[in-house]
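You will see two complexes here that share subunit A, one where it goes with subunit B and one where it goes with subunit C.
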Partner chain A sequence: MPSPSDRGNAARLLRSGAYGAFAIVFLWFAIVAPGFLRFGNLTDVVQQSAILGLLALGMTLVMIAGGGNVISGGIDLSLAANLGLTAAIYARLAQDGANGLTAIAAALGAGLLVGAVNAVAVVRLRIVPLLATLAVSKIVNGLEFVLTKNSVVTATSPIQDWLSGSGLFGIPEMACGLVLIAVLVWLVVHATSLGLRLHAVGAHPEAARAAGLSVPAMVAGSYVASGLLGSLAGIFSAALVSGSSPGSGNYLLPVVVAAFLGVTFSRRQVPTIGGTILAVLFIGLLANGFQLVNISTDWIDGVEGVLILFLVGWTTLSQKESLDA
Partner chain B sequence: MKSFHRYGLPFTLAVLFAMFASISPTFPTLANLHSLLMNHVALLSLIALAMTLVVAAGGIDLSVGTAVDMAGFAFIASLANGLPALLAILFGLIAALGVGLFNAVLVAGIRVPPFLATLGTLFIGHSVQQLSTGGGVPIYLIAGPPRPIFSEVDMARPWLSLAAIAVVLVVLDFSVFGRRIVAEGIAPAVARFSGLSVRRDIGLVMLGSTLLTGIAGIALSSGVHSYSPLSGNAYLMDAIGATFLGTTFDANRRANVIGTILGVLLLSTVKNGLLLAGVSFYWQQVANGTLIFTVLAISFSTKGKEATALSGH
Partner chain C sequence: MTGHPALALRGIEKSFGGAQALAGASLVVERGTVHGLVGQNGAGKSTLIKVLAGIHAPDAGSIEIDGKNEAHLSPHHVETLGIHMIHQDRLLPPTLTVAEALLLGNEPRFARTPFINRRQLERQAAEALWNAFQVALPVRALIRDLATAEQQIVQITRALVNKPKILVLDEPTAALVHREAEMLFETIERLKSDGLTVLYISHYLSEIERLCDQVTVLRNGRDVARVSPKTTSTAEIVSLMIDRDVDSCFPARPPRRGEPLIQTDGLGNSPYFSDVTFTLRKGEIVGVTGLVGSGAKALAGTLFGLSKADAGTVLLKGRPLAAPTPAAAVARRIGLVPEDRRRHGISLDLSVRENATLPALPDFTRRGLIRAAREKNAVAGLVARLGIKTSGPEALLRTLSGGNQQKVVLSKWLIHQSELIILDEPTVGVDVGAKVDIYREISRLADEGAGVLMISSDLLELTGLADRVLVFHRGRLVADLHTAGLDQDMLLALITTGAAPKESNAPKEHHALAV
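Take a look at the complex of A and B:
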């Protein structure tokens, strides 16, 4: 049996592994990639990470409230489809000349609705989250298909221009947006009683119930919040590519990878907001650095795969005694 | 009423079948059902059965598509390089087993949880395929001399699928190894304290199951006379869907062969039926998702009440 200190050591080791890998990659690119350390480049990395970051934040919330088991626990596979649908809704409305704010409101409403459907499916209908969100993502994906006829919808609006532009000190607004939203979510999850309850519900549903918490309400809330974050990602995406284009499904697995990679950055190897953001930035730095040193982007997926295996393998090997399967 | 949830899946399948048959005269024809079984059902059942084995053992395999792709790649590339057909098939299977071995080492050796291990494999598989095909260029063997092996594999599809059903059924339900992995899947901690090597067994399952995905990969690429990178991933979500839909057929919610096959039939019927029923092309996916969602809702919510009754003292 592993003693608590063994676990602590292992977690520390893993954390140092994750942070070490981050530092090595950062330093390596700083040395070999021309222009990598430029302020403008680094803020660009944050901007390019914004969409994945928002989606991964949603996934993290659901994972925190749903508990650690990947199959029966919390997971939201509809986030990528949510992005696709909300970007399409925004683009169609903006194209038809709707007010930018109206289009944003409609997109956010759709995202909330997707989240609510997930919440009902998981909490009320008691469908396994993996399956429920998969089925919902099929429907949502289909709705995007209906809306866009599977083609590019171009749309421009002042709000999009503002969102995809740069503000104070030349920092892209989207980078600011990601930081702002991440800080907000971090505050709620890690510094309020609501966040504490969220953790309690995910870690020990029975104990949380016994303590008088409403487990279904918290879990449902996490899916709704995830839906909202998905639609924010959709709006960001619409601003970044001036409309909507098919292929949102490409985000499905990267979101899962980012959220699980984030776990390796946390002290107790649980999903955390900070860990997820670090993981997202890590992935963003990799993509950016590869581009700067002219390595084919075909390598990125593989490097991400090796990274997650390396970091997760690192912990499990460092705590040989604990054999909990 | 007690076992109603168990029969939700076959019942819905029958209702859908009757519905599509009454809407579309083409749907119940022998030609359509034959092509449905030969194509979508045969391929998906192979992959879903592999998934069923892994899920029954308490894991999940997100890299089934990778094994499908690797097998197709090795098979087609071997043929393109003029190797004899049998050798090409052998290489195809070896390539799939390579993916399985990689998963097995990660899960049994380094003790990475199956979900993350196979997620890593999936991502590495993406890069391997992109890099080895110059950024994702397919290999076509459509032109050139006729290759009898393609039609032979096509003919063998239903038999391969039936053989896979029989083998997985025997392994899961009638073998000592099957008993063991099912026990490990239900209660890994208990199994481990009873002296079973949980991780070694799930590693073996992950290795063995890629034989099925490998066969599917060869059958798939043989059917289209080509290999296109990352095409196997299209089956991942359907295989997971079929397996977990299938768990509703088991009284204890475990992955089981008959349930999985019913799940495969349901997914294939819905896809084919909506197409033939003349549902607008763009709405098909919405209808598809909604139908599957409804089946899930029916099967899970009925079970859910019992579960609440049990846990809510």
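Take a look at the complex of A and C:
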């Protein structure tokens, strides 16, 4: 069993490594990539990170409430499919001339429903979240296919135009949206009783139960909230690409990477909103920098794969049993 | 104030799959007193506490709390009755801070908002810790970064913050150093004078003597005495705990001393134990005992290579036992029979045959293929030798009883022809019939020249089966005794206090330290 001080040192090392990597990547692109440091480019990075950011926020909530065990802990693999379905719902309704607000309400409702199904599967049916949400993602994928016949649905609406445009100081509205939603979620998770209890439920369900908290309600709530964030990402996506297109599954791996990488940025080595947002921006900067220096973005996939192996391996190794009990 | 006792459990019975853990145990705790509960491992203490906690429903008996009959207890209902438990396993979320963990569920907030008032939270936490223990723990430190004793302090303080009427403490000092334990005793005494009722479970009889007004002694699932430790000596309480009627049939073994098999010198593995020096000879059965956390169990894991020693040396047949991995240990013919056989010892979904030959498969294969006939014969022989009750060698392990599963674990090291066999609590959860078979087999193994190291907390097993006993206390090897003529009272005193009892006269000759 690693002693408390060993664990503390390892955590500090990993944390400073994460910040160091962020700084090095930032500085390197600042030097070699033309235009990287332009204000417009940096706000573009935030805009391009908005969709991944919203999905990763959902994943973070689920991981906080479900605990850090890589195999049995909280994870929501249906987020990417949720985005695909809700974007399709929005696009189909907008294409059919529905009111923008109606389309948004329908998309959010669908996201909540996906979250609720996940919650029932995990809390009621007690299916391991990894499998439960994977199964739900397949169902959601199927529904999207039915709606779109697996082809591009083009749609425009005033709300899409506004959301994909720029506002104050030329900052993209989506960048503002991500910041606003992240701040809201941050407040709930890190400043309220509810957030502390969510964290306690994930860290030690037995202890939380002993403290009179309802573990199933908290875990279920985290999946519903994750579903809602997934549908917000769907609406953002519909605005960004003017409709819906197949291929939402491409978000699956980056979301997992962002949430796990986010853990390394936090002092307690747990999922946090701040850490996740940093991780999302880190991934966004990498993609942006690669584009600017003309490296194929296919490399990003490789980098993400390596990061997952490293981070999950690290987490698993640091969870060892005591020898004398 | 009425005359009802604060707590009255009467005639509680509870069985688990045929094994009776409680056979009519009663426990009556008067209001405003500190009441001790003592008994050997397996006496039924933890089952009784779990019945009180609402975790186990009793098969028979009645529970009265504050004079009211409580037929159906649940953990939550127990809390609402004002009973707070501090279990041995610390129930604190590891990634919360001290302040957060202390006040989880009652966090102070800014008025009429959902937002936590962190300054208030930390101040209240610091105050609570100071009031309970006069310690200033860093309230922003994470629980997982605290020492075990500090975690225990937080846990006890947390229970006190909830202003309980009855506080149940299960081995609260196991992780505390002397000064902290003293602080806890003072806190308990102060709370008692405020009217709190305390149920205090401990192996440390000196604590029982110091704190308790009354003590209930459990033995074999029954309460055998309810005495005042002020008038009854520790030695008398110890003899009440020990069951002398069942001196079960241990095989008679002539003392046998072969050449040294295992020699350790100054072996250490922090934080579990340090400076352990002993010799185990061929044909010898050496018992190892101690309380939870004493280091006895960690010694087994260290010798088998589950964890790396950080000081000292181990010689196996005169050659250093270097590479500390289980695979290396198995290659040097060391076998381990773990305590939790379901998790570490067997595969429930493999057959008797497959489990038994697992470590010795290389002996049964040719060019990578298993020689089935040979394997079958070997297993059939062992099933007969150990008296394993099974429908056949192909039966799945999950269809066997606990005792017969344990025999299969033993058999796999027999097939493997292990020279050193480490047994960890070999008869926990095993019925009496299988126990006798297992004892006979352990004895036979030693007669055939193997060395046996047996971690156990069963006094009968230690004095009846082992040739020598090593006693661990708080990470140190405090005694290395021959068991011939060793009395159990003395052994129990050594285990719980780390020293021979003061009441007894100078140890008789055969109690002297073995070489």
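One rule holds in what follows: the second predicted complex is superposed on the first by the 301 of 325 C-alpha atoms of A that agree within 3 Å, B and C clash if a C-alpha of one lies under 4 Å from a C-alpha of the other, contacts with A are read in each partner's own complex, and residues count from 1 in each chain.
To be clear about the criterion, contacts are C-beta pairs under 8 Å (C-beta built on N, C-alpha and C of every residue); 3 or more make two chains touch, one makes a residue touch a chain.
Computed from a prediction, not measured in an experiment: that's the story for all the values here.
Taking the superposition on A as described, I'd like to know which of subunit B and subunit C A:Ile139 touches: first, second, both or neither.
first
Tell me which of subunit B and subunit C touches more residues of subunit A.
Result: the larger residue contact count on subunit A belongs to B.
In the overlaid three-chain picture, which partner chain does A:Val306 touch, first (subunit B) or second (subunit C), both, or neither?
The first partner, subunit B, only.
With both complexes superposed on chain A, which partner does A:Asn294 reach: first (subunit B), second (subunit C), both or neither?
In the superposition, A:Asn294 touches no partner, neither subunit B nor subunit C.
Go through the superposed model and pick first if A:Ser151 touches only subunit B, second if only subunit C, both, or neither.
neither
Which subunit A residues are contacted by subunit C in one complex and by subunit B in the other?
323-325
Which subunit A residues qualify as touching subunit C in the complex?
Listed in rising order, the residues of subunit A that touch subunit C are 3-5, 7-8, 187, 191-194, 196-197, 199-200, 203-204, 206-213, 268-270, 323-325.
Inside the complex, what are the residues of subunit A that reach subunit B?
70-71, 121, 124-128, 130-132, 134-143, 145-146, 149-150, 253, 256-257, 260, 296, 298-306, 308-309, 312-313, 316-317, 323-325
Quick check on the complex: what are the subunit B residues that touch subunit A?
Touch residues, subunit B against subunit A: 58, 60, 62, 106, 110-113, 115-117, 119-128, 130-131, 135-136, 184, 188-189, 191-192, 198-199, 237, 240-241, 244-245, 282-290, 292-293, 296-297, 300-301, 303-304, 307.
Contact residues on subunit C for subunit A in the complex?
75-76, 79, 91-96, 100-101, 104-105, 107, 109, 114-116, 142, 144-147, 269-272, 292-295, 297-298, 301-302, 306-307
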